[in-house]
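Chain lettering (A, B, C and D) follows the sequence in which the chains are written, and residue indices restart at 1 in each chain.
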Amino acid sequence: MTTAVTGNELADTVQRRFPEAVEEASEGALRVAPDAIADVCRFLREDALQDFDLLSSLTAVDYVEYFEIVYHLTSIARNASVVLKARVYGREAPALPSVVGVWQGADLQEREAFDLMGVTFTGHPNLKRMLTWEGFQGYPLRRDYLEPPLPYTWPQGG
Amino acid sequence: MAPLEDNRIFSGVYGFFQGTLSAPEWLAYFFGGFAVIMTVVNGFLLIGTIFTWMERRVVGRFQSRLGPNRLGPFGILQAIADAIKLLFKEDIVPRRADRLLFNAAPIVMLAPSLMALAVVPFGAGSYVADLNIGVLYVVAMSGVASLAVLMAGYASNNKLALFGAMRAVAMLLSYEIPLVMTLLGITVLAGSMSLVGIVGAQGIPFLLVAPLGALIFLIAMSAELNRPPFDVTEAESELVAGYITEYSGMKFGIFYLAEFSNVVLAGALFAVLFLDGWNGYFLPSHLWFLLKVFGFLFVASWVRATLPRMRIDQILALAWKYLFPLSLVNLLLLAAETIAWPDPSTAELWLMAAINWVVALAAVPLLAMVGARTPARPRRVGFPQEVR
Amino acid sequence: MYGMGIVKGLLVTLKNARRKPFTTQYPEQRLEQAARFRGQEFTWYVDRCTGCASCAKYCPLGIIRIETDPNGGNEQDGGTYRVDTFDIDQARCMYCGLCVEACPYDALHMGSNFEASQARRADLVITKEDLIGREKHPSTWFRPQLSREGYDPFSGQSKDWHEAGRESGEWHPQRPETLPGAGDTRATSDGDYR
Amino acid sequence: MTTHSEPTIVNIGPHHPSTHGVFRMRLTMDGENILDVEPVIGYLHRGSEKLAEERNYTQVITLTDRMDYVASMTNNQAYVLSCEALAGVTPTERGMYLRVIGAELQRIVSHLVATGFFLQDLGAFATPLMYSMRERERILDLFEMLCGARITVSYMRIGGVFQDAPAEFWPALRRILDDFPAYIDELEGLITDNEIVTYRTKGVGAISGADAINGSLTGPVLRASGVSWDVRVAAPYDVYDRVTFDVPVGDTGDNYDRYLMRIREIRESLKIVEQCVAQIQPGPVRATNAMLFRPPPGESYVPIEAPKGELGFYLVSDGTIAPYRMHVRAPSLINLTLMKQMLVGWKLADAIVSFGSLDVNMGEVDR
C-alpha cells in the first residue's frame, strides 16, 4: 500500500534544510513558501532518503484571496506519496518558480495551469497557452472569469 | 511476326468493310486495326474495373466483413457506380498548381500500361503484335509510369504530395534494376525476348525452373505498382493520400483505374513469364490465361490485406543490398545453365529446376542475414546550424 | 528465418477469411439489443407523474421543461400538480438516464429505440402529447421490477402504467440526511444549499 | 556548386487520418528526417473542469465518461473513488467486484483499440484493426447488457454501481473469457514476430527508464521502459488486493515494447476478471442511495491505473453539493511530454507510429 507521508513528518526534515521555507504542516500536506518551492522539490527528488522521483500531478486551485499550487509527488522505490502546496497571492500576475528543471513532467502541467488559471511559472522553457488558442483573453478556470457577452469575436488565433 | 491479317477480329472487320460496304482499302484497314485495339484496351480496362471490385470483396472477406454487396449481384456494379460518381464529382485544381503537369499526370500514368498490352499474348495466337524485343518494350513502358507519379506530386503544390513524389522517384528507380535483371534471366533461359517466344519455350512453367527470379519479380513488381508492403508513395497513414492528395473527380478516377490496371498488367506479365501463359489442358487458352491472372490478383489482394508498410529507407536498403545481389545470383545461375544445355529438353529443364531451387533456398536466408539489416536509428542528419 | 513471420501473418488472415463475416446488414438484419438499452423516445406515464420536476432538476443538461398548474387540477388527494407541458429536448439529450434515476414515482422510463432522428432540429423536442400517445416500451434501465419480471422492450406489447409496477421505497434515491456519516445537509432557510 | 536547402515545416493534423482524434504536430523536417517537433493541442478542449464546478457530484459522472471516451468505465471509477475518499463512504463488496470487472473489461477494450490503430499507423490496411474491433464489439455488448450504453457507460455511482448485472450477463461473460485467449494468440500471431513490424518498430522512439520517470510518464509507456510501477499493485483500490496478477515490464522502451505491454496486459486483465467472477458474492451493490451527495469540506486525490496510465481526480469540496474544484490528472496529456525526445532524428513515418504507440486519447488530453 502506498504510504502517504504526512506533512508533519516531512516538516522537520525540510525545516532543517530550508529554515524559513515551511509555512504550515498539516496531516494532509506540507505548505511551502512559493519562492522556495523549486529548491525544496529538488531536495525531495535528489535526497537519497526522500527520493520522490515521479511528479504525479500539478494543479492550480483558485481560492479567490490566493492561488494554491498543489504538487502530488510519488516515490517509486519507496512506494510513498506526499502532497506539497504553495500559495501565491495577488490576482494580476501570480508567479512562482517553475519545477521543470526538477521534473520534466511538469512542463505540460504548468503550461495548463498558466493557460487556464493565469499563474506564471518563472523559468519555464516555453510558457505558452496550450488548451485555448493564442488570441484568447482571460483565464477561464478562475472563479471570477466571465464569458464576454455574445456576439464577441476573438482576434484570429496563431 | 505473324501478319496482322490472320488475326480473327481484324480480318472479320476488314472483310466486312471491304466486302459489303466496299469502302476504300485504307479505310477498311484503319477500322480493322481500330476494332482490335478497342477490344484489347476495353477488355483490359474492364478487367481493371472488375479487379477494383474484386479487391474490395476479397479484402473485405479477409477482414471478416462483406465488402460491397448492394449494387447488382454480389455488388459487381459497385465499380461502375464509383466511376459514374467520380465523373460527376467536382474537379478541383489547387490554386498555385502547375496546371499543365497537373492535368497531364493521370494520362501519363494510364497510357504506358495500355501500350504495354500490345505484346502480351492473351491466348493461343491472339495478341496485338509479336515484337521480337517484347520484354525490352515492357520494361520501357513501366519506366514511364514512375514519371507520372513525379509529375502529379510536384504539380499539386502540396507538401505531402511532394513527399509522395520524392519517395516515388527513389523507390521506383531503385526497383527497376532487380526487375530488369530478372527479365534478363528469363530472356536468357527462354532464348528469345518476344513474349510469345517465351511462352513457347516454357516446357515447365518458369516459376518452377527459376524460383529466385519469380520471387524477385514479385517483390520488385509490387514495389513498382506501389502495392503494400511498399505503398509509401500514397501512404494513407502518413501522407494522407501521397501524390494523389490534391486530385478529385475523374482525374482521381483515372489514377485509381491506372493503379489497378497496372496490377492486372503485372498479373498478365507474371502469367506469361512464369506460369506458362495460356498453355493448359482441357480449358480453352483464354480461360487459362484469365485464371492465372486472377490467381495473381488474389495473392496481390491477400498481401495487401495483411502486410504493414515498410519505411522508405528500409525499402531502398532492401532493393540495393538484398534484391540486387540476389538477382545477380539468379542471372549468373541461369546463364551458366543455358551454356551447359543450349536447347533444354523437358528433362534438362527439370534438372535446372532442381539446381535453382537448392540455390534459392540457400541464397534467400543467407543474404537476409547480411543484406537487409539497416541501422535501426539513422545517423543524425542535421543542418549546419541545428534548428533550435 | 527471414520470411516466416510474414507467412504466419498471411496464414492468420487466410484463417479469418474462412470465418463468417461478423457484420450485420443494418436495415434488413438488426443486432439484438440488451433490455437495459438507454434509448430515445422516453416512456412517460401521465397518471403517475406528480409534476415534482425532480427529473428536470437532476438532468445535467437541464433540457426537460415542466410547467405545472398548482392551483388548478389538484384533484388527486396526494397533492399532485397537473402537468401542463412536459418537453424533453432530444436534440441536446445525451441519454445518460439520470432523470429516470431521479424520478421517485417510476413515471419516467428510458426508451429503447434509436431511430428517432428528424429533419429539423425543432422536431426533436418531444411534447407531452407525443409522450402520452406513444406506444409504451420502457427500457429496464434502473427499473429492477421490469428486469426481475424479464420484460423485453423489443418484443413485448405496450405496457400500461398499472403493469409497470413500482420499486420499493429504499430503492429510490433518498433525501441527503439519510446519508451515513455526512454533515447536516438540509437546505438552509433562504433556499440555496449554502 | 553546393545546393542550398533549408528545413521545411510540415503540419501533421489537426485534420489527418492517423492522429487519434484532433491533434496537430508541427514538424520541422530536413527531407524525411525530423529536426524539431511541436505538438499543438486544445482542439477538443470542452472545459470539463469548469463544467464540473456547476454540477452536483452525481451529474459529474456523466462528464467523466466523455474525457477518455475509449475507457469511460475507468474514468468513472477514478472519479467515484475520489468522491468516496472525500466523504469516507465505503462501497459495498459486490459493488467493488462489479467495478473491477467493468474496469478490466474496459482495459481490454482500450488496449484492443490501441493495438488496432497502432497497426493502422504502420500501414496494415485496416485488417488487424477490424479484428480488434470485432472482439471489442463483443465486450461492448456486455457493457450494453450491464449499463445500457456501449461507450458512455456512467455505470458507477458513489458507493458502488447503480444496478446489479442482469442474469444473462454472467453466461455471456463466461463465453468471452473462454475464447478470448485464443483470439489474442491469433492477433499476436499476425503482429508480434512479423518481420516488417519488428523491422519498423524495434529501437524506434526509445525512452530510457530514468527519462520516463522524470517525464512523469505512467502506464504501459512507463513499464515498457523497464520501470515496474502499476498503481493497482502499488496502491490497490477496490478489490485489487484480493486478486493476483503480474505486471509485464519491457526493457528498451521502444515502440515494439509498448505494443507488447498492451498485449500482455490484456492477458493479465482476463486473469483478473476470471478471479473476480470466482470470488464475487451476492449482496447490495450500492452503499448510499443519496441523490444529492454532499461531502464534508476537504480534498482528495486517489490515483488509479487507467489503460493509458495513472488517472486521478483531485477534488476540493467546500461542503456544498457541487465540487469546488476538480482537476483531472490526465495520463494521455502527460505522456506527451517526451514526444520531442522520441521523434527528433527519426523519419516522418516513425513520427506517426511513435505517436500511435503512446496511445493518446485526445478527449483526455484536452478535457
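Everything that follows uses one rule, which is that a residue touches a chain if its C-beta (ideal position, glycine included) is under 8 Å from a C-beta of that chain, and two chains touch if they have at least 3 such contacts.
Since the structure is predicted, the reported quantities are computational estimates derived from the model, not experimental observations.
Asks: Any idea whether C-D or B-C has more C-beta pairs in contact?
Replies: When the contacts at C-D and B-C are counted, C-D has more.
Asks: Taking each chain's centre as the mean position of its Cα atoms, how many Å separate chain A from chain C?
Replies: Using C-alpha averages as centres, the distance is 42 Å.
Asks: Using mean CA coordinates as chain centres, what's the chain C-chain D distance in Å?
Replies: Once rounded, the distance between the two centres reads 28 Å.
Asks: So the centre of each chain is just the mean of its C-alpha atoms; given that, what is the distance between chain B and chain C in Å?
Replies: Those two chain centres are 58 Å apart.
Asks: How big is the gap, in whole Å, between where the Cα atoms of chain B centre and where those of chain D centre?
Replies: Here chain B and chain D have centroids separated by 44 Å.
Asks: Find every residue in chain A that makes contact with two or more other chains and list them.
Replies: In chain A, no residue touches two or more other chains.
Asks: What residues in chain B touch two or more of the other chains?
Replies: As it turns out, chain B has residues touching two or more other chains at 62-65, 305-307.
Asks: Residues of chain C touching 2+ other chains?
Replies: Residues 2-3, 6, 9, 12-13, 16, 22.
Asks: Which chains touch which?
Replies: The set of touching chain pairs is A-D, B-C, B-D, C-D.
Asks: Please output the residues of chain B touching chain D within their complex, sorted ascending.
Replies: Touching chain D: residues 59, 62-65, 159-160, 163, 166, 228-229, 231-232, 235-238, 240, 304-314, 376-378, 380-383, 386-388 of chain B.
Asks: Considering only the defined contacts, which chain A positions touch chain D in the complex?
Replies: Residue positions touching the partner: 1-2, 28, 53-57, 59, 61-62, 70, 72, 76, 79, 81, 83, 103-109, 112, 116, 129-133, 140-141.
Asks: Flag every residue of chain C that touches chain D in the complex, lowest number first.
Replies: Of all residues in chain C, those touching chain D are 2-6, 8-9, 12-13, 15-16, 22, 33-38, 54, 58, 60, 94-98, 101-102, 110, 139-142, 144, 147, 170-176, 178-183, 185, 193-194.
Asks: In their shared complex, at which residues does chain C touch chain B?
Replies: 1-3, 6, 9-10, 12-14, 16-17, 19-23, 25
Asks: Quick one: in the complex, what on chain D touches chain B?
Replies: It comes out as residues 6-8, 10, 16-18, 28, 30-33, 35-36, 119-127, 130-131, 134, 190, 194, 196-197, 199-200, 202-204, 345-350, 352.
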